[in-house]
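For clarity, chains are labelled A, B, C, D, E and F in written order, and residue numbers in each chain start from 1.
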Amino acid sequence: MKKCETKKDDQLRPVSFQTGIQEYPDGSVLAVMGMTRIICSVFIQEGVPKWLPDESGGWATCEYDMLPGSTTQRNIRDSSRGRVNARSADIKRLIGRAMRSVLDLKKIPGKTIWIDCDVLQADGGTRTASINGAYVALKRAIKKLLSEKKLKSDPVTDSLAAVSVGIIDGKIVMDLDYEQDSRAEADMNIVMTGSGRFVEVQATGEKRPFTKDEFLQAIEMAGKGISQIIKKQEEVIHESSPGHVKQK
Amino acid sequence: MKKCETKKDDQLRPVSFQTGIQEYPDGSVLAVMGMTRIICSVFIQEGVPKWLPDESGGWATCEYDMLPGSTTQRNIRDSSRGRVNARSADIKRLIGRAMRSVLDLKKIPGKTIWIDCDVLQADGGTRTASINGAYVALKRAIKKLLSEKKLKSDPVTDSLAAVSVGIIDGKIVMDLDYEQDSRAEADMNIVMTGSGRFVEVQATGEKRPFTKDEFLQAIEMAGKGISQIIKKQEEVIHESSPGHVKQK
Amino acid sequence: MKKCETKKDDQLRPVSFQTGIQEYPDGSVLAVMGMTRIICSVFIQEGVPKWLPDESGGWATCEYDMLPGSTTQRNIRDSSRGRVNARSADIKRLIGRAMRSVLDLKKIPGKTIWIDCDVLQADGGTRTASINGAYVALKRAIKKLLSEKKLKSDPVTDSLAAVSVGIIDGKIVMDLDYEQDSRAEADMNIVMTGSGRFVEVQATGEKRPFTKDEFLQAIEMAGKGISQIIKKQEEVIHESSPGHVKQK
Amino acid sequence: MKKCETKKDDQLRPVSFQTGIQEYPDGSVLAVMGMTRIICSVFIQEGVPKWLPDESGGWATCEYDMLPGSTTQRNIRDSSRGRVNARSADIKRLIGRAMRSVLDLKKIPGKTIWIDCDVLQADGGTRTASINGAYVALKRAIKKLLSEKKLKSDPVTDSLAAVSVGIIDGKIVMDLDYEQDSRAEADMNIVMTGSGRFVEVQATGEKRPFTKDEFLQAIEMAGKGISQIIKKQEEVIHESSPGHVKQK
Amino acid sequence: MKKCETKKDDQLRPVSFQTGIQEYPDGSVLAVMGMTRIICSVFIQEGVPKWLPDESGGWATCEYDMLPGSTTQRNIRDSSRGRVNARSADIKRLIGRAMRSVLDLKKIPGKTIWIDCDVLQADGGTRTASINGAYVALKRAIKKLLSEKKLKSDPVTDSLAAVSVGIIDGKIVMDLDYEQDSRAEADMNIVMTGSGRFVEVQATGEKRPFTKDEFLQAIEMAGKGISQIIKKQEEVIHESSPGHVKQK
Amino acid sequence: MKKCETKKDDQLRPVSFQTGIQEYPDGSVLAVMGMTRIICSVFIQEGVPKWLPDESGGWATCEYDMLPGSTTQRNIRDSSRGRVNARSADIKRLIGRAMRSVLDLKKIPGKTIWIDCDVLQADGGTRTASINGAYVALKRAIKKLLSEKKLKSDPVTDSLAAVSVGIIDGKIVMDLDYEQDSRAEADMNIVMTGSGRFVEVQATGEKRPFTKDEFLQAIEMAGKGISQIIKKQEEVIHESSPGHVKQK
């Protein structure tokens, strides 16, 4: 497996979103960032969790998992392992929070939005790619329900995207692949809205603490990458055809 | 979602196998039967289960799961449900037995073949489509290891395929889709080798017991379908290119 | 432990059913096939599972387990092992399906039939002996409820029995004991009704695939064995005394 | 179900031990106290738990469970319930401690004695009946291993039996059945050796605290009952025939 | 760590109860017996378990656990171990039964009393110290609810305390510390009411069976110790100040 | 429960560390921030996880839990709930990463540092208070092992502290209590070293995305608070007395 060309430190890997890869969900997208590929599906179903206060309207939740063939060594399933994978639980909560930050849940009373992100292939940045794909699948699903008159108005309040930034050999690098991620001194995941505000910043000094300067530079770079991703998302969201896979 | 054309009762739905949909497994295939689509991946790894007797050589095992977006109503994950899904456990054991029936495990001493079947889209016959795809992914993986001199000889002793047959309104019908399956009076899954022998027959009178005549007719029809599937498999197995997905 | 006499290949081992081995269940039977002995108990209780559609009437379900002293090496309990035993789950589903195939559940509205099969001693064929005993316990329980006017009519639509058939050294052999079962080339479990129709056929080529000819011969032999078992069952079901164990 | 005759308060219910009810365990006994019946089996196997200090010699452990048909309302299995039954865990520890109190584990180096008590029918006093039956099965198993020269000397240091005593309407009553047990004001389980010493006393004021006088009277009565049980046990232990169930 | 002075065999270790160590529970106490220290908290909440019969009034239940730093070797948490700790389950049931024995549950209709005992430091006798502390926390909580008019009358029917007694080198010793407990020949836990009646007696011949004489002596000694503990409890229960920890 | 005085937005709540609250751990501290109180204990034990590469030296890991009495409504235990608490898993990973960031694990070859944080009382900021207390307990434990010559040199490379910052009504507020936390628009946890570098930044726009300006202000304020906490920690770490609790 060869990587065709080396990207620059402040560039994104090739990004794309392929809609309609599954027939049954309300929205479905294959999100691609470099060699990382995520199957994102969205169902909007009747019913809300019991604990949700009545005045909340609806709910949105996310799950994240990795297919066994997504990693260089076979990824062992949670169900086989017999215990919850803390990393997955962490990521699913991050994605859920991010999606809810751009949703006005009062506009989907009595409904739950189920967002599933399953990693088909993992080459770094699966959590940010998941957020990017989930947003597209969400918007496609909303569009479908609006056209079917099952929703009165769009509950999505802003666009949303995420990118990773790391420090490698003292340099700030955006959208790390797996090899880069594993030798990064510090690792950040940044989620922002289309209006340039922060939804989530998670920054960890994996190998060494990082300085304020490094941090500010990373945030700056992330902002630029996120703008580019949002542009890509918009293109796909507004495609007129439903994008459903044809029978072969 | 429309189904393009109605197939005849004794015909298969359109069958295809797309190799190389994942980069990391030794073999990887998207198996398609009608609208049913299965991600099959095979890793051949060092190490065998502790309980395996020394004289056994190696081992082969299978896991099966369904993606949340694979079904018309979102499929709840095993890990969320907090308990083992008996249906999945059943199917993974069927696939494992089928694959081992055409493997000479003495030829892979100290190695385990991990076969994973994950349903991307379910429209009936996921267990038979899984077997069909798993066989192709297995052969591709073996081919890779033989070319890398990691195996001395091919442990696969025969070709292998499976098909479902059901009784609907008293008529024998092959390769049922979900809608047919749910109203079938009886339901059979038949696994055969390229040499025309039976590896597994599972026949259940879901809605009524079935007669010997009906049973014999079903077995006859299955034999024909399996021959056609095996022909399709052979074409893909012998493709020269590795079929890896390109960077976009 | 010696086995008194060798049975012929197309014969059943000695079969018997001892009723009333427990006081509290509505029906209770010790089913004996050779040295295999199963405690079968049936309770018919008010209430149905939540997921059951209203129009279904009632429900019937089965559980299967093995006592620690039932096997030559002590059988480890599921609860000690800390995980579900896939083999038991498989068998309990088979028995449940078989029993429901001869039950008109509309005739037991709002009730659940609980069928428990616990292996006291395992010497091959525990799943078929369980079905045979469960059927007797079921009929005894129904008879009791009919006589107590708790049921209006008999929901059982046909008689039911099961037998195993295997291929050993190329010969078809019926009702295998453990030693035979472990060296059988192929192994089949066949469930039929009193009217000669098939409820379930499970055939696996454990050591080699089997031919159509072998399969047809096996089915033929199973039909004869099942007729003999059904005759034995009928005798016990119609015994006038409740068969309860006396105080000692 | 009728109880034939009323026993006096200071009497035991009818007690018996039927050996050889299972073929495979080293010792197996059906222990009967009134309508309570327990299947007790003992395996003596090579191997000891990892945590056992080297100087300890061997180990003995017990498990206890109830069959679904053992109770008036169907008893739900631990494995179905999905969680450990605290009552069973409690009882298995009591039986284990009691058995180890009369075992010199240094005489079974490297071996584990597995004692299983499974309730076939529960009518009060299942934990004391289990101890009584387990002791008989243990002695039968030891006798077998001694005769096979697999043990050099008998590790059992004393005889052992147990009985329950309760306070009902202010009167001390021995060996309560289920109906008595459920209305007892206080409930005691007493385990003693043949030499008249106490191995375990568990006394609980279920409905009211009890006085010292009541307590002393109960202990006195238990001593008498235990002597009678030990006499019964001795008869069965020294039966010459192995008592194995014959083929029917 | 030195133990200041050696106590006599028939003496208690220093006993004390410090109230108000937590702000939120209705009652909270740090119970100290020698170097053993237990955090006891009581919440009285609306709601009762589903299985509780309507006529029962309310319910009281207890949980017991040990902090990782409470033992000389770090105590592994149940949640990390992935399975239930049988010893803790045993103890929580003992404490629950003891507390309910002095509660008239009809006086707390529709309410559940949650009693939690968490071992801060374990030096023997944690179960008896837990009972002693739980009683104080319970009375403080009841007092608070009475003063807030949330209860009409005090449901506590008697005072309650517990102490351990053991046999060491043939001598009867009260209130064992860990070192003594681990070499005791026999070990007893005795729970009594203020009126001198027994609520629970648990006596085990850990290393050898014990005689009736030894047992009677132990019971005598326990009675004296329990009277002293009850005196200490009463002092603290009637302290006027709520004893809440001040801000630092 | 009254809060004595209102603190200013850019101030910490009263901070203190009480050492020696448990006898057995190598280091033990009660960390107090306002009304939040955490029991922190550290054991340094022989042995490392199996998966740790040989060249890594030693390991450090953390666990976090909340006592049932720590919250206004009783906190249900993980072990009772029967499933892992995702929030706790999240926090324990954060604390573990933070501690390892100031540890040179090569200096503790073959050893594991076990850090336990148990919340005695929760009033906001339990994860940051845990980090602050864990650091003190760690340093105390290291000091003890150095003085006992069990360690050759101090593996701690820098001092470490953490603080929360939130946005309430558009204002930046440090060290939030529970009431403030629950109405904060955005919530940040910041971990820094004594040398002023970042170990971890976790910032979430709970109720609305936040601006870059708000973010920078929050980071600035956190830096000041962390300096103050580190000063407090240093005082306690260098106390000469071991600080063990005396017998009462």
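Worth pointing out:
In this text, a residue touches a chain if its C-beta (ideal position, glycine included) is under 8 Å from a C-beta of that chain, and two chains touch if they have at least 3 such contacts.
Note that this is a predicted model, so its numbers are computed, not measured.
Chains that touch both chain B and chain E: there are none.
The minimum number of touch steps separating chain C from chain F is 3. Put simply, the chain farthest from chain D by mean CA position is A.
Once the centre of each chain is set as its mean CA position, chain C and chain D turn out to be 31 Å apart.
With centres taken as mean Cα positions, chain C sits 51 Å from chain A. Among the residues of chain E, those touching two or more other chains are numbered 82-84. Because contacts link each chain to exactly two others and close back on themselves, their graph is best described as a ring. Taking chain A first and chain F second, the full cyclic order of the chains is A, F, E, D, C, B. Interface of chain F with chain E (complex): residues 1, 3-4, 14, 16, 21-25, 28, 32, 34-35, 39, 41, 43, 45, 63, 65, 67-74, 77-80, 84-85, 114, 116, 118, 120-121, 244, 247-248. Residues 83-84, 86, 89-90, 93, 97, 101, 158, 192-193, 195-205, 208-212, 215-216, 219 of chain E are the ones that touch chain D when the two sit in their complex.
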